[in-house]
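Across the two complexes that follow, chain A remains constant while its partner is chain B and subsequently chain C.
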Partner chain A sequence: MTTTAPGRRAAEPAAPADPPGGRSNRRAFTRRRALTIGAFLAPAFIAVAVFTYYPMLVGSLGAFRTWTIYNVADQPWSGLDNFRTILADPLFYGTVMNTIVWVVGSIVPQFVIGFALALWMRRKFRFRGLYQALVFFPWAISGFLIGVLFRWMFNSEFGVINDLLLRSGLVESPLPWLASPALAMPAVIIANIWYGVTFFAIMILAALQSVPDELYEAAALDGAGKVRVFWNVTVPYIRTTLALTVLLRTIWIFNFPDLIFGMTAGGPGGRTHIVTSYMIEITQQGEYGRASALGLIVMLVLAIFAVFYLLATREKKEAYR
Partner chain B sequence: MITSQSLSGKVVRFVALGLWLVITLFPLYWIVITAVKPRSDIYAFPVEYWPQSFSLENFITLFRVSNFGTYLTNSIIVSVSAATCVTLISLLSGYVIARFEFKAKGAVLMAFLVTQMIPGFIALGPLYQLMVNLGLVNERSGLTLVYIAMCIPFSTIMLRGFFENVPDALEEAAMIDGCSRIGALFRVLVPVMTPGIVAAFIFNFVSCWNELFLSVTLLTSDANKTVPTALNGFITSYNIDWGSMSAAAVLTIIPTMVMFAFASKYIVQGLTSGAVKG
Partner chain C sequence: MKHRSASFVAMMAAGALALTGCSGSTGDDGDVTLQMVETLTNPARQEILQELIAGFEEENPGVTVELVSPPTEQALTTVQQMLQAGNGVDVLEVQDSTVGPFTSNDWLYDMNDDLADWEGWDALTPNAAAFANQEGPTYLIPYGFYGLSLFYRTDLIEEAGFDGPPKSWDEMIEMASAINDPSANTYGYAFRGGTNGSSNAVAIITAYAADEIDPENAFLLADGSSVFATDEAQDAMDDYLDLFTNGSPPSSIAWGYPEMVQGFASGSTAFLLQDPEVIATIRDDSTLEEDQWSTTPLLVGPSGKAAQPLASAGWGVAESSEHKEEAVALIEYLSTGEAPLTFAKGNSLVPILTSAEDDPFFSEGPWATYVAMNEDPDTYMNVIQPRSVSWWQEWQEKSDRELQSVLLGEMTSEELLAEWDTYWSEKYASEE
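Let's turn to the complex of A and B:
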């Protein structure tokens, strides 16, 4: 993603590439070029360094300090104490399990439904642009507000979901959704699936449209059926995009407590707390050091996951060739 | 080329797409319907799918019991100023990354991408402290600065993609004609890229408009609260008043929805170009 095609090098601003003045002019040009790059990047770079990287660095160091809101002035180093406290906290293990359920339970249906929608949307139909704009709309809403919307729909006394279930005869009495330790997580995941399908649909649709028509024509000439074309032409061609999309989405859902905050705030009894929402709760309690330690653990796990995932998907790709 | 489709295939396809449209739009429909019901009808079960009578009392109550007008104003001020600054700043950075080759380019891009992946919550405590030291805590200007930093990385990556779609020859011609680089950027490239820039602006605006955790951390007084901070207050109170809550939700959703609808084509293009190009 970060590498650029070698072809771009030739397309550099070539205007005075070989000035008639020779070497000294050339050096002046190089210096001016460096200045331009520096000046154009500086505002972005400074803002991100001061308001993102600096607090993040301080926050990471805080994981190794005794650091609470009650005594901000005094932050003695405490080694791995914060990590020990976390690992001794039974709620932590519950949140880890919840996080796995939350991520896997959300991403698999999102991927499957999103893929199906993309395949159905690939062929042009009238109003496809309008359709795409309409199904895109959940994205204009914050995760937190989505949580609030679904909190209302899953309301156990006056909620529309219970009403629909009762009317269709699927249940005999209203379900206590968000108050129930067993049903709260499924409810939160349903909301998240609803929110995330569009992302997959749109990314996969874009990938599908990047498959060159010649490939399909060649496959048709060879007499390949629809199913074979799908598995032997389409999937291999878009495999890298699929892998990358799933990776980005996994990390994103891992870091997505917004919806949970709006819907259950981690309840009942921590049953819908994922690691990041738990981390925010600890922060709000003023236990900054402990929250930072938890944050570092999350980053480490995500980094390891990303590396293994990228290695695994790369190997597959090479084996395929 | 895609082979022609059987009638049954067509029916399945349209039913599936239609069903998903209904599922997608239903929560929106439901919050709007709840907001325009009289208060007594909101708490009725079985539920009324089409209200027997419409009423604006939820909206009136919302503005009477809370300073929702103030929250809206604050949100508009912060989001518009942050999105404007971000779009200008990332025009410059996106341009350089799209047009120049330099050693640190990979590192710069990586530094931007990484911010999109790590949980930013670890920075909340230190950020609060930093803002206290700068005297910017509980200030709309402070929140604006933080939002600018928050949006720059993605906005840069998005605009870089749009720049790469414009041929170099355009600004080269302008520069040969005696235009400075920055002049060429703003007089020649910006007009050509208007749709992409508008999409980036809208995306940035919506990100700021929707942001919750930073604003909850940095804003303390009621007079400075933005809409998400206020909604968070509504939801954590003991008894949620779903009438005012749904009215507030509708007023929060509508501006961003309208903006997204106009720019969705370009936002989709901006989001997908990076990933698909690989």
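Let's turn to the complex of A and C:
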């Protein structure tokens, strides 16, 4: 596939004839052109460098300094002390375990339900556009606000969820959702599933709409049943989108302490604390150096996912070529 | 040529972007604009502040005050960045938990010399004068105080056959347990197990150890050891857990401020230990009639005393301000005469002026409890908690989490108190 590119490029210079005046004139033109392109790109590069990479670099260097709110002007180097403090903190390992449960527990149901919704919305029915808009709506609400809403819904005494469970006779006494170590994590995960399903639904729906109808017609002619068509036509065709969406969402859910903060603030007893909500807690304590160190650890872990993501995008680009 | 002008435009755009962030300065016609930054904000509060600011501007022609109200969640970060940048702040809200970091970074201006001849000192309550530190350095003048009182449902305790509210923690446990009826979704005490849960645990611990604690640092005894190692602390925790098990909703492990207030207002719980701001919240709540609830002083321990942790916030001047004189004048205005009373009423705060006792707003109804506690400082000792130490926020999060572990039965109260004692002893030792 890559062999086509050089061939195409080689053919280009042959088409326009060299302007009179020869090579030097052409070089001047190229230089000026390069300058123009550079100048147009400069604002974007400067913006990204100033507002993204510079703060990121300074923040990362903070991980190796004693940097607290009590003396922001003086930040002496402290080597790996911040990392040692984090790795010696038993709470850190608890948050790592919680993070794994939080990410896996959220992403699998989000994916399955989102896929199902997408398959359903692909069919034409009345008010499909309105329905799609409604499905997408939760994505527009802030995570913290969703946390606060679900905090009330899961409230043991006044919450609508216990009320429904009691009325339907599924439970005999109210469940202490956010007060129980066994139920708190499922509760925040349920809230996150509600929130994240929409992203999968929309992404997968877009991918499904790209599957040519001819493929389905051909499969039908060959006598393939619905299940067979799903596994042998639909899934292989949108495989890359599925992988990309899952990878992207993994990174986002990992980095999504907002909902937890609004709902449980990491409680009870740290049972819903994930690594990133723990990082916020350390920041609130004014321990910026330690928070940066934890941030770097998170970044390294997420970089692994990002590499997979980039590999998958490349595969996707090549598939479209 | 065309290309060159295009490059020029792009370069200019890049330059403009790179320069964003540099701000201008005040007008050059002699007029002064003060930037006033608040860190605890809501629309009603902004309205009151704007009213007071208008009064100040009227008395001080040529001075304009711009109120900056960053959203509460980001307010501290925003104000820190402004102070670090060294511009954009003249007057700012300083909380007892932020005065430590702000002064250690030299961000606050010592107003003591400017206030040497201030007439307002004599009108302040002893607590307010102590917080403003008349001997200097004066980094803030408080605008009001928070302080605990017990809110109780008159209807619920009457139904349970009691004559009046509890006066001690012992009576509280007895009454809460009697009222507690989970099958009817009625509970005694709105227990605080969630965010800031440890503050109420500390309230009962310091009440039990009131005879021994150092009022200047309620976490320590006179000999400098921590209050958490005392036998009284253990008795207090035992009783407190008894109150949780027998008189409170089991789910209150996760209760923070909103759940506690909702529980009380909805009639799910009969008692609530809270700050005076709840008075305004409940008055605005149409579900509760005035005669269904009231307040009573903070509960005493076996010693017959209670330790009232004074929490406060106030107004200070930024060291980097170029208009310190006008900034101090604004703070004087906000702390004298009617202004501080208007602010305290509107924000449900214990006022800073002695004259408030003659104001029917504060001397009648639920506010009378605060006047009563003020008049009996031997029983309701005013104590100061070490909120300005650098580990205060860490302590709050750690102690909340550990209290939850005890409520969940994953840790004993003995282990908890030993852990808290070690924590404070080590922190103070490392500071020396």
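Assume the second predicted complex is superposed on the first by the 256 of 321 C-alpha atoms of A that agree within 3 Å, B and C clash if a C-alpha of one lies under 4 Å from a C-alpha of the other, contacts with A are read in each partner's own complex, and residues count from 1 in each chain.
One rule holds in what follows: a contact is a pair of C-beta atoms (placed from the backbone, for glycine too) under 8 Å apart; a residue touches a chain by one contact, two chains touch by 3 or more.
Here the structure is a predicted model, which is why all the values come from computation and not from measurement.
Once the two complexes are laid over each other on the shared chain, residue contacts for A:F158 go to chain B and to chain C alike. Of the two partner chains placed around the shared chain by superposition, neither chain B nor chain C is touched by A:G94. Within the superposed three-chain model, A:R33 lies in touch with chain B and with chain C [touch as defined at top]. Contact with chain B, but none with chain C, is seen for A:T240 once the two complexes are overlaid on the shared chain. Once the two complexes are overlaid on the shared chain, A:F150 sits against chain B while remaining clear of chain C.
Looking at the shared chain after the overlay, A:V50 reaches both chain B and chain C. When the shared chain is aligned, chain B and chain C each come close enough to touch A:V72.
Judged by the touch definition given at the top, the superposed model places A:A207 against chain B, while chain C stays out of reach. The larger set of touched chain A residues comes from B, when the choice is between chain B and chain C. When the two structures are aligned on the shared chain, A:G270 is found in touch with chain C, with no touch to chain B. Comparing which residues of chain A touch chain B with which touch chain C, the overlap comprises 33, 36, 40, 43, 47, 50, 72, 144, 155, 157-158, 174, 265. Listing the residues of chain C that touch chain A in their complex gives 3-4, 6-8, 10-11, 13-14, 17-18, 73, 80, 84, 100-101, 104-105, 182, 185, 193-195, 249-254, 256, 259, 262-263, 266, 268, 390-391, 393-394, 397, 400-402, 404-405, 407-408, 410.
Put simply, chain A touches chain C in their complex at residues 32-33, 35-36, 39-40, 42-43, 46-47, 50, 68-73, 144, 155-158, 173-174, 176-179, 181, 184, 264-270, 281, 284-287.
Looking at the complex, you find that chain B touches chain A at residues 1-3, 5, 13, 16-17, 20-21, 23-25, 27-28, 30-31, 34, 42-47, 89-90, 92-93, 95-97, 99-102, 105-106, 108-113, 115, 117-127, 129-130, 145-146, 148-150, 152-153, 156, 168, 171-172, 175-176, 181, 206, 209-213, 228, 231-232, 235-236, 242, 245-246, 249, 252-253, 256-257, 259-261, 264-265, 267-268, 271-276, 278. The part of chain A that touches chain B in the complex is made up of residues 1-4, 8-9, 11-15, 33-34, 36-37, 40-41, 43-45, 47-48, 50-56, 58-60, 62, 67, 72, 113, 116-117, 120-123, 129, 131-146, 148-153, 155, 157-160, 163, 166-167, 174, 194, 197-198, 202-203, 206-207, 210, 213, 216-217, 220, 226, 240-241, 244-245, 248, 251-252, 254-255, 258, 261-262, 265, 276, 279-280, 283, 288, 291-292, 295-296, 298-299, 302, 306.
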